[in-house]
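When the chains are written out, they are named A, B, C and D in that same order, and each has its own residue count from 1.
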Amino acid sequence: MTVKVLYFAGLREAFGTGSEEIVFPGGVVTAGGLRDHIAGRGEPWAQLARARNLRCAVNQAMVGFDAVVQEGDEVAFFPPVTGG
Amino acid sequence: MTVKVLYFAGLREAFGTGSEEIVFPGGVVTAGGLRDHIAGRGEPWAQLARARNLRCAVNQAMVGFDAVVQEGDEVAFFPPVTGG
Amino acid sequence: MSISIQEADFDSGAEIATLTADSADAGAVASFVGLVRGGEIRAMTLEHYPGMTEKALAEIVAEARRRWELLGVRVIHRVGRLLPGERIVLVAVASTHRQAAFAACEFIMDYLKTRAPFWKREETTAGSRWVDARESDDEA
Amino acid sequence: MSISIQEADFDSGAEIATLTADSADAGAVASFVGLVRGGEIRAMTLEHYPGMTEKALAEIVAEARRRWELLGVRVIHRVGRLLPGERIVLVAVASTHRQAAFAACEFIMDYLKTRAPFWKREETTAGSRWVDARESDDEA
């Protein structure tokens, strides 16, 4: 399945991109599973696994890492928000 | 002695003037005495004696009717303030 | 700190901007604009006690500055005859922190609306009358 | 209710005036303007999550409208690189009564400053860094 993944703030800078499409084997994965899959590609992505307080949103709603991600979802990883 | 007396709001309208100089026999009077003196002139001034909740300021500071009024003071009579 | 009682209208945005123009620390400006409400009111006339009203406002602003750390305070209060929708009052407070700015702005407004030396006369289709003290804080 | 996230600056006074232009009942407008503080900061860059940030702000404004009787709410939040003294945010709330306007304005600001999906990067003479969540509500 294919999902759109977004990165913000320090992650976006470290990865040199704010978004990518990820093709994942199978039809369902948790947000945590997706994070580990991306981190498994090595640096700089490995910092997703190390990040303290990493936050995740699926389809623009905050979720825990046990949330289910499906085909076509928009998944975002970012540090805690620092407000306006 | 001479004092400057000011009227505001409904009193000013009823009296047709916002200020007058009052010459009072003697060198000292209370604010209440001054009020009674003015009210004693008859209508429309008599309503100073009837007014519910009449307020008084001497030299631009709120006072009770037992406050002393002296030569040259500015004395104001007005209804309770209604705010901005 | 600057206090004006005037017949003229004011420019809220310009006043807010002026308040922070000189202070690099001013991260927060809380402000309040009060307007003449419509409905049954055709016009409102505000009267004040020249001299005493300014002094009373200066005292309440000084009190606010003792209670909170403020960088600037601007008060403009209009007098005279005002129509529905017209601005009556602006209170703008600059501070380093928003909580102080909000608290001081609301404190000054509460004083202005209840205890400041102003008298209001309302014109309705039924005529014109001076507002009673007890009912006057119903508005805004 | 109207929410904008934009790079462009805004005119606080015009926004406040627009908010009440259509409502004869709006006697009160409480507003807040946040600015970039100076001191050690040379510039601040704000990043947001397009779509999600707007949605989050719309939800908090809707919550405010459930809690208080409001006649209008305007939120403008700038993003991009901002210099000290520049405006960051405007929240303006119109109501019949000032207490509701103040309370709702402060409620929305508290959310914006602490939980809204924005990330801040500060530039100082020592370099540039993303602000930590724990320290971020020190400001304004």
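Everything below uses one rule, namely that a contact is a pair of C-beta atoms (placed from the backbone, for glycine too) under 8 Å apart; a residue touches a chain by one contact, two chains touch by 3 or more.
Since the model is a prediction, treat every value here as computed from it, not as a measurement.
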| item | value |
| --- | --- |
| Labels of chains that are neighbours to chain C and to chain D | none |
| Distance from the mean Cα position of chain D to that of chain B, given in whole angstrom | 50 |
| Between chain C and chain B, distance of the C-alpha-averaged centres to the nearest whole Å | 27 |
| Averaged-CA centre spacing for the pair chain B and chain A, given as whole angstrom | 76 |
| Per-residue overlap in chain B, given as positions that touch at least 2 other chains | none |
| Shared-contact residues (touching 2 or more other chains) in chain D | 34, 113 |
| Every chain pair meeting the contact rule | A-D, B-C, C-D |
| Interface residues, chain C side, partner chain B - complex | 34, 46-47, 49, 51-52, 55, 77, 88-89, 112-121, 130-133, 136-137 |
| Sites on chain A touched by chain D in the complex | 6, 8-10, 12, 53, 57, 60-61, 76, 78-84 |
| Chain C contact footprint on chain D (complex, rising order) | 11-17, 20-21, 24-39, 84-85, 96-99, 101-102, 105-106, 109, 113, 139-140 |
